[in-house]
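Next up: some structures, all given as structure tokens.
One chain, chain A, links the two complexes that follow: it is found with chain B in the first and with chain C in the second.
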Partner chain A sequence: MLHSPVDRVAEATPRAIAKRFRGLSDRSLAWLFVAPTIVLLLAVNIFPLIWTIRLSFTNFRVNRPNAEVEFVGLKNYISILSDKDIWLTMQATAHFLIWTLVLQVLIGFALAYLINKKFRGNDLWTTIIVLPMMLSPAVVGNFWTFLYQPQIGLFNYAVGFLTGADPSSFSMIGDVTLAPWAIIIVDTWMWTPFVMLICLAGLRSIPDSIYEAAECDRASKWRQFWTITIPLVLPFLMLAVLFRGIENFKMFDLVVQLTGGGPGSITELTSINLKREAFEKWRTGYASAYAVILFVTVFGLASIYVKALNKVKQR
Partner chain B sequence: MNFRHSKSLAAFAAMLAAGVAGTSHANAKDLTLCWAAWDPANALVELSKDFEAKSGVTMKFEFVPWPNFADRMLNELNSGGKLCDLMIGDSQWIGGAAENGQYVKLNDFFDKEGIKMDDFIPATVVGYAEWPKNSPNYWALPAFGDVVGWSYRKDWFERPELQAEFKQKYGRDLAVPKTFAELKDIAEFFQKREIDGKTVYGAAIYTERGSEGITMGVMDVLYSYGFQYENPDKPYELDGFVNSAKAVQGLEFYKQLYDCCTPPGHSDAYMSEDIDAYKSGQVALQMNFAFTWPGINADANVGGDKSGYFPNPAGPDGVAFAQLGGQGISVVSASEKKDDALAYIKWFAQPEIQQKWWQMGGYSALRKVVEDPGFATSQPYAQTFLDSMAIVKDFWAEPAYASLLQAAQKRFHDYVVAGQGSAQDALDGLAKDWTQVFDDDGKY
Partner chain C sequence: MTRFFDGLLHFRRGAWEMLASVLIAAGVFMLMQPFALVLYSWSFLVTLLGTVMFIIVSHFPE
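This part shows the complex of A and B:
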């Protein structure tokens, strides 16, 4: 009599195959099944990482195959960390990261809160709001350059209409003070729906019974919001911040389409700067060190953040 | 195996063999030519039909838009890719491609086929074919002569009311500028002027940040102001030349021109943006490479008698230079079809093909074509092309050109468009950046 699915599978295994694997322990079999995945992971993730770390200590340039590759120790790391221009790109990235997160969390949560209310056309509005995140970043970047165009752009026209300013008197992507905000506006327009969806999932996971109990205790709506809604949605919100934070730290396509890193280097984020070093200047060793520094930074920040997230979830 | 099966197997093997043979035959008889995606490339597709008919080789083309052209093609060369058999690469790539063995050296081929570099415009030979510069080592055949020049709204210049107003304001006729100072006056005159009920602007110039745009524009002006890349007597000595007082004056001029006289939002403009600004009737003057002129001449809105062309005006000392564009055609070392690729170059170098090339919109660099008595009057822009090609200078073509270019892009855009620091700061910084690049390259 066959007792368990495992027994049934063992019985169903053809004798020739069973004979071949007889003598293998469960552990060995487990390794056998997992091995292809591990080999694949090593090949496409771990090996390139180790290779990049190795290259980061050399002066290797991929466009100079005949040149001698020298070990330069920490020179690449030192020159990156002491380069004023790289710190400026770090500042530009931090500015972009912080403001996009703040705006997307605030607007995304507010939208989720409104959408969570039961009203007619709720589903239609949800669909309309999430449309921007379904578009390709390259497409979004391209059409926002038209919207920002001083002479024909709708954005400038709208600002002119509301403020009375001449629409062609300012250029969102050509002005040093406006360009950083131009990229923040577009990223917020595109990705706020993502934060909204995660917040909506959080809001809908709160049982009505908790609010009913609070109503019985005569808790005001304001108090319910701060003591029930916010604490229970917070893990979801933090998750959204983590996802958006990682994405925006490596932001490239949208900003390249919009500003190309300009005017000057005002919107040159680290990923754009890294791409220029690696694939325009072809400083492969230097760019590898740069990539390692960025990797350690993201990994370190994300680890600290995930620990904080786990603590919030445990509360 | 019975007889029936063996017969089927044999038939299958024969079919397979025929298929394989057919495939290899097809591979041997096609060539891929890589270039930028622009009007001249379309003309080359048409021109190449003659080669296909004569040689039996099928031509394939890989055209990449200009902003991504260098990235895409240098990746291809650096990775030893076999996509391109023939490469019409930018003039600045020649040093790296030669030193890294990415292009086939063509001296023996030229000697064997009787192709003489003396038959081509000297500047194009130095710019597109030689490495090291001014040495008889050829890595390309000059394929497309190009240079930065200017197109202008001749119909606006000829309006009596505008001529009168200009003369009253500046004390001279509204005509093609002889100096950059005059050019700025004209651009200022047209800036935000109402013409036919539409607001127009002075000049569309290069300001692009991502690839090479602003560098091409700034250098185009700086040469005429006295900029020099290095000490003529001591190669790679940059300080005092790159950042000389004259160079600073030239860079200041470029910023003034950008600030005073460009259309709103013209902060990231290169060839296509300038063409758009000009063809849409937004600007009176347009800085652009000569390849744009046939398109302008044929344009329904600004073509024909409505536009004129002029070479770079002179700087304060009365000398004029212009930024070289254009490319040479090379055989890629990684290609497995070098013989066919060389056959294409041999076909392309023929005077009658070069003549046809010019007629179809390609700027031939063959002297027999451009020195023909009828050439200068063959198109409204032909004389301007000749005048401009006589005054060209080119950007660095060193193997480290990409690093040199990126440094220039950053320094120029930071100053001209973002308005950060002074022209002196920008050029001092550039001299420092370039010195560092050459130091890393072991030049000192």
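This part shows the complex of A and C:
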């Protein structure tokens, strides 16, 4: 008598097929199932990476496929690492990265803390706050360009209303000092909800009993916040910083839509600069070396960050 | 501090991972700092050294 679905499937399998697979161990079967994924990963991740590293030592140009490709050694790397313009691009990326992370973490955590309280319309507010994250970066970039218009922009009008300044006296995306902040504001507006959602998951995972025990011990709200809430939310917060850090390091679409890297090259982040080298100047070998430098940087940072995250989780 | 050097001498993971992490952090700082071009020029080598070291030492015993 056949009891389980497994028995029924085994019985229904044609004898020829069953005979072929009967001799396979569990390990072999596991490999059989995992192999397609491994092959796919090798094809779409590892092979391009190795190919990029190989190209980074050559003068290959993709728009001249028939030209002779020469091995240039470390020339591309030396050229990138002594280029003052790329150094400025790195600084612009660092400025963008640090400020977006600080603002998104602070505002995202504060919003999560507020949303975690029980009040009327809680779900509606959560939905409204999360909306920017669901929009396409191209759409966000376009409508913030309108919001930043000196003559008709709502942002300029609001700043003028609050500070008394003439709204048309400043241009957020046309001014060298304001443009870096313009992209930081938009990225913060768009991605703070993501940090908020992760923090909210962390806050909701803290059992009420811990707070009740702290109340019994007469711990103040301030002390509860620093000794219960923050340590228990920290792994979630670190995860959010990791995701946003990696994403913002390679930020491209939003900034291209907003400023296109300008005015001048003040908001030209590394990914925009890399795209220019690869697909406007067609210096494929050079751009490959540039990509390898960025990859090693992000990989190294992510490694130590994941180690720190595991340590916090173990505590 | 003695424990740290002891870990380095006996090829313990914790101490070597710490050293690799410091190298990576220093490399990233050198890459993005606005103070000296020479630091920027050497940043990749430091980051690469730290990253490769991190991958190797993460297989050391605890």
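Convention: the second predicted complex is superposed on the first by the 297 of 315 C-alpha atoms of A that agree within 3 Å, B and C clash if a C-alpha of one lies under 4 Å from a C-alpha of the other, contacts with A are read in each partner's own complex, and residues count from 1 in each chain.
The definition used in the following text is that a residue touches a chain if its C-beta (ideal position, glycine included) is under 8 Å from a C-beta of that chain, and two chains touch if they have at least 3 such contacts.
A quick note: this is a predicted structure, and the numbers were derived from the prediction, not measured.
J.: Return fit or clash for chain B versus chain C, each positioned on chain A through the superposition.
T.: Once chain A is superposed (C-alpha atoms), there is room for both chain B and chain C without a clash.
J.: With both complexes superposed on chain A, which partner does A:Gly300 reach: first (chain B), second (chain C), both or neither?
T.: Only chain C; A:Gly300 stays clear of chain B.
J.: Counting residues of chain A touched by each partner, does chain B or chain C come out ahead?
T.: B
J.: Is A:Lys221 contacted by the first partner chain B, the second partner chain C, both or neither?
T.: neither
J.: For A:Arg64 in the superposed arrangement: first (chain B), second (chain C), both or neither?
T.: In the superposition, A:Arg64 touches chain B alone.
J.: Which of the two partners, first being chain B and second being chain C, lies in contact with A:Arg204: first, second, both, or neither?
T.: It touches nothing on chain B or chain C.
J.: State whether A:Arg8 touches chain B only (first), chain C only (second), both chains, or neither.
T.: The answer is neither, since A:Arg8 touches no partner chain.
J.: Once the two structures sit on chain A together, report how near the CA atoms of chain B get to those of chain C, whole Å.
T.: 17
J.: Can you tell me which positions in chain A touch chain C when the two form their complex?
T.: Contact set of chain A toward chain C: 77, 81-82, 84, 87, 90-91, 93-94, 293, 296-297, 299-301, 303-304, 307.
J.: Touching residues of chain A toward chain B in the complex: what are they?
T.: Touch list, chain A to chain B: 59, 62-66, 85, 148-151, 153, 168-169, 171, 173-176, 256, 259-266, 276, 279-283.
J.: Enumerate the contact residues on chain B facing chain A in the complex.
T.: Touching chain A: residues 70-71, 74-75, 77-80, 96, 99-101, 208-210, 263-268, 399, 402-403, 405-406, 410, 413-415, 417-420, 440 of chain B.
J.: Name, in rising order, each residue of chain C that touches chain A in their complex.
T.: Where chain C meets chain A, its residues are 17, 20-21, 24-25, 27-28, 31-34, 37, 40-44, 47-48, 50-51, 54-55.
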